[in-house]
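You will see subunit A twice below: alongside subunit B first, and alongside subunit C after that.
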Partner chain A sequence: MREITLDNLDDIARGAGILGTGGGGDPYIGKLLAREAIRRHGPVRVVDIDEVPADATVVPISGMGAPTVLLERVPNGGEELAALRALEKHIGRPATHLAPIEIGGVNSMLPIACAAQAGLPIVDGDAMGRAFPEAQMVLPGLIGVTNSPMALADDKGNTIIVDAVDNHAAETIARAVCVERGCQISCADTVMRGDQLADGLVPATLTLAERLGAAVRTARSEHSDPVGAARAMLDGIPLLTGKVVDVSRRTEGGFARGRAVIEGITDDAGRTLELDFQNEHLLATRDGATVATTPDLICVLDSETGEPVTTEGLRYGLRVSVLAAPCDPRWTSPGGLALAGPRYFGYEVDYLPFGG
Partner chain B sequence: MREITLDNLDDIARGAGILGTGGGGDPYIGKLLAREAIRRHGPVRVVDIDEVPADATVVPISGMGAPTVLLERVPNGGEELAALRALEKHIGRPATHLAPIEIGGVNSMLPIACAAQAGLPIVDGDAMGRAFPEAQMVLPGLIGVTNSPMALADDKGNTIIVDAVDNHAAETIARAVCVERGCQISCADTVMRGDQLADGLVPATLTLAERLGAAVRTARSEHSDPVGAARAMLDGIPLLTGKVVDVSRRTEGGFARGRAVIEGITDDAGRTLELDFQNEHLLATRDGATVATTPDLICVLDSETGEPVTTEGLRYGLRVSVLAAPCDPRWTSPGGLALAGPRYFGYEVDYLPFGG
Partner chain C sequence: MRIGIDVGGTNTDAALLGDDDRVISAVKSPTTPDITSGVTAAIRDLDPPFHQVTAVMIGTTHFLNALIEGARLAPVAAVRLGLPATAALPPMTDWPERQRAAVGGHGYLCHGGREFDGRPLSPLDPDELRRTAADIAAKGLRSVAVSSVFSPVAEDDERRAAEILRGELGDGVHISLSHELGRIGLLARENATIINAALRDLAAQIVESFGKALAEVSITAPFFLSQNDGTLMDVDFARMYPVATFASGPTNSMRGAAFLSGLADCAVVDVGGTTADVGILQGGFPREAAGESEAAGIRTNFRIPDVLSLGIGGGSLVAPDGGTGPRSVGYRLTEEALVFGGSTLTATDLAVAAGRADIGDRARVAHLEREFVDRALARIAERLAESVDRMRTSAAPLPVVAVGGGSVLVPETLPGFDDVRLPGNFGVANAVGAAIAQVGGEVDRVFQVPEGRRASVLAQAREEAVGRAEDAGARRGSVRVVDIEEVPLAYLPGGATRIRVKAVGDLDLNHIKTGATAHA
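Presenting the complex of A and B:
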């Protein structure tokens, strides 16, 4: 993939929805925005991390908020560009490349839409290799890149620059603004030089998303096993196949938090899987035992179609297959687990090494 | 007064406390900060509005938050300068003059402290001629001056720039940040050119505050009538002299809101005055009849000493004299009343023309 066009956008969105572990917002809304931007401004050039000049100014673009709200309050499509322009003005130089901050749902699509609008290339990689709910949960944070200055823009034309002393402070300030603005705001932050990308980004995740999305689509059209195709590409393990029997969720402090219960069917009959989520699926407990935890990926797929199921898309009776897949190894370092391990999210369990 | 020194600071703080109509924060805390800044950096030069060059960059400086919180959480004294520097960086030019946004309590003192630290003159005037609780309640708003860009700084070193589409939006965004940061934040906003000051500021209010403070002090030392001295200088009318018998207050959405009941004594025996406040005293009701409303000044003074009583300083048993004084006439225009009349604050009464 050297370009993102109207032809491969669907695959990227589908794959990013799976990699987004239930979070990052509904890919559908993001896809509409990216499609419209590509239609108007043309395809987006994709560059590998090692193609980016050392002195490049790379700006990750994202939306912050509760995905539940995004379903009812569609963005106007100009917020990300407004955030980018506010950031460029603040740092006194233009962005040369954009990047996704996370490879999940709407947040894989918004930087594509923004890149089309701005006429900039997008880097094939992202700062998480999945999706996470808070702004400081990015690999660049582990190498000393700050998320400040952070530019925020809302759908009314208001922009805000946050220049915080640390990444947690920027997150809490931005989150307060996000909540006040209706739980939805667009962000340009965590600016990197080109020579910081190898350490700061998980490489080739846009390509992975496209391949993953294509594999699911192909398997479905061939009436083979779309869930199996996704699992193979992710080096994943199956956790449970069943139907959703209970979901509780609440929008709290700018997040969609909750829990879902899935009862096994066929081979998994008699087993139960509980999923705890906070925008993303963070903890999987099967028959009372922890079987997968953040920062590893817990992916929920529609059993029949292989389509990703977001945390806000979980509903009673839905047949789903739950997979676990290994996260980028940098996340399992002590610094990585401090940022995004299960205890950070308030769960009383330790990180369970993948497949353990 | 051509300079603010350690010698006239007390008078200014006392007078501004009276003009602040119970709000603007405890003048005591602000005075400590201004005193320390003048001690370290020298006196602050005061210039009249008509002395300011037409192309000057005038920056009002203030603190935002619930005064109740300020009593327990003393600023570090560098927040206003940090907000000023963030604003200067954002607008791309240095401030040539500072000004108070309101002539009330801590917000008369913080710009003095900041002016001493920055080595800048302060303009003799302010944007309200009193104190008001919200950032958009300023006379420059009536002539099209925006409060954006607004720079905010907290006591931890975090700075935020708000660039909003209108003054209400800037207020609500800044208030959300303020609440998240612990109900206390410092602001540099509502930048004016020198040639906008005649329309944007109430002139000579620092001088008025000093004269008012000196008059009260002199009357007290001469064992004459400090409350009467203040009333004469403000062209005010007495509303009630009595003792506080009931106070209810709550900190809500970054404001100190509440109501106080004062029972008349001596000449006012048998009468009752109710005061509604929201950081500032906004409505006075005597024996069931409205007798003074925002935007006119409702000032509460200690009956014995003439010292201003802030809304958070109201307490059971305190002997107080309540005065009303006329606001700047621009506030009683339709635009002024829309910004700061009683109905804006949710009171079901119309503005009562002064003395009416």
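Presenting the complex of A and C:
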């Protein structure tokens, strides 16, 4: 993929929904924003990580907040660009490339909209390879790239620079600002040089999202198996195909946590899968045994259509297929697991090596 | 005595119910292009004691059909309060070209609106609204849709903007306000509001046609239109909120099925000529679709029943291998089906061949092999059962009620469902559903739920919903809460929770507030 045009936005959004592992927000509004930006400013050029010059200034772009708010208080459209400009002013040099901070959900779309407006190329890669809920949960943190300075912008034109002592502090400050500014802000942060991208980003994830979305779409139009197509694209393993029979939710520590129980049907009849989620699907337990954990990807797809099912969309009677896919190997290092392993999320379970 | 009428695209069904709620008579007659004559014909066929009729309840698909065709729609000025937010996606951004052209595509962005917690997003600017009104007047637009960010949390800005616009544009202008029509989700709610505004002129005509039809048969009792959620709106309300009738067809069928079978919790399979619609009744009301829905390719978020449609109906074509549907002979069933002397093998022919139905000339299907007929019908039963299973909300046993003209296709038991019922008057369940409609009220907003205060916040929401139902004409004491939904907002601390409560009660004919708003 050398360009993002109006024609491949749908596929990228669908694929990003799957890579969002149940979280990351519905890419719908993001897709409309990217579409309007491309209509006005033209297609976005995509460059591979190894094409980016060593001294390039690469700025990841994202939105922070509640997906419900995004659906209601639709963006002004200039927020990401405002955050980018504030950051450029603060660091004293212009960005040469933009990148997604996460490929899952709505944050796959906002940097595309921003790149179209700024006339900058976007790097084919992201800092998570999936969706995670907090700003410090990014791979560049593992190689010493800080998320400060972090530029935040709201829909009124206000911008804020956060210069925090560490990445966790930046997350908590940004989150407080986010709530104060109406629960939806835009961020430009985690600035990287071109020569840091190979270590800091998961490569080719925009392309992966597009291929994943296209594979599901094609399988559906050919009446073949869209879930199988997604699984093949992700090198995933099937955990269970069944029917959601119970969903419980509670608010805990500011997060919507919950658990879904899925009863197997056809080949999986007699088996049960339990999914624990907190914005994203984080833990899968089959017949009492842990079979997949964060940071590996646990993707829930509609069995018939292959469309991603968000944690908010889980409900009784839904026919779903649950897949596990390997995360980027850097996430399974001690540092990676400290950031996004099951214990960070409060589960009394160790990371289970993929497929183990 | 009440009359329920369902004006569908093909048939107008009518039912007369006594004060004891028993069905006295029921008829089906063809829908006519002018509406009036079809409705009068149906009522005359019912042969009611005209002076004893106390109310007439009508369900209609007219407004939805007008939107799908993109015809008979008025041009609309869509005024959104939300600047500096929301500018990226102006009104009607995501509309199909036909509908956008039909309403003219006039969008205006103004200041105003709220944050999720009710704080002002930006102050309303009266001068800006006056300038907007001048442009609306210059374009000759007479119908205005006002939407405001987070108006389900705080509606004041929409109301103030409406006052200012009305002051400039005069009393003749139609103004539709988004907080009365939809839920959280600005674009979807705004879309519903624009559609409503575009239908206001048509609504006045349709209401007049219904009034004329009743006058022609000398019925002076009040009439009501049924809404998507199975509750009623009076005539003034119908003129103002036509979009709220969009999904009343399936709702009325399901409510009628509940009533005729005496079951408040069941699955309903409504089999027509082309499709079978499967829905779930909870406490006598259809379970509603969770998120957004589409009407004519436009995303909206008003309350509609959660219905799964599959392409199996009485007119479905049967393939040589026994597969049935999704193609159908539709309304030409009485010409094309074998039992009616036609040459097309339809699902109805299968039912007659198997001895399940006595329709047309049975001799014309005598040549069909029994094994083929049984296999094809068994496959239909399996697919219906699968759909019911997909829709049900728990693993507990669930009775299934079959209604609609094509329900002869539903056998006495379905795989996995032992209790299948075909109630009397099943063919006019939708008209019966209209006749028994109640009055409702709803709350849907983001509440702050501090630690330990959940119970009192929920109690407050319930009380508001009950109050809204009473305001809309429900008899005090008859109102009960039928649905509560709580969804905590993700990625946020502070306990902000979206709470939705729906309450319904019996219609109190003596205490209807004209034009009362039943909506959150």
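Just so we're on the same page, the second predicted complex is superposed on the first by the 341 of 356 C-alpha atoms of A that agree within 3 Å, B and C clash if a C-alpha of one lies under 4 Å from a C-alpha of the other, contacts with A are read in each partner's own complex, and residues count from 1 in each chain.
In the analysis below, a residue touches a chain if its C-beta (ideal position, glycine included) is under 8 Å from a C-beta of that chain, and two chains touch if they have at least 3 such contacts.
Note that the structure is a prediction, hence the values are computed from the model and not measured.
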Partner chain in contact with A:163 - subunit B first, subunit C second, else both or neither: first
Partner chain(s) touched by A:90 [first = subunit B, second = subunit C, both, neither]: first
First, second, both or neither for A:77, with subunit B first and subunit C second: second
Contacts of A:179 with subunit B and subunit C, given as first, second, both or neither: both
First (subunit B), second (subunit C), both or neither touched by A:242: neither
Partner touching more residues of subunit A, whether subunit B or subunit C: C
Partner chain(s) touched by A:213 [first = subunit B, second = subunit C, both, neither]: neither
On subunit A, positions contacted by subunit B and by subunit C: 156-157, 175, 179
Subunit C residues within the subunit A interface of the complex: 82, 84-89, 93-94, 113, 115-116, 119, 121-122, 149-150, 184-188, 290-291, 389-395, 446, 449, 487-498
Residue ranges of subunit A in contact with subunit C within the complex: 23, 25, 29, 32-33, 36, 64-69, 71-78, 133, 155-157, 175, 179, 182-183, 245, 249, 251, 253-256, 279, 311-313, 315-317, 319
Subunit A-touching residues of subunit B, taken from the complex the two chains share: 86, 90, 156-165, 169-170, 172-173, 175-177, 179-181
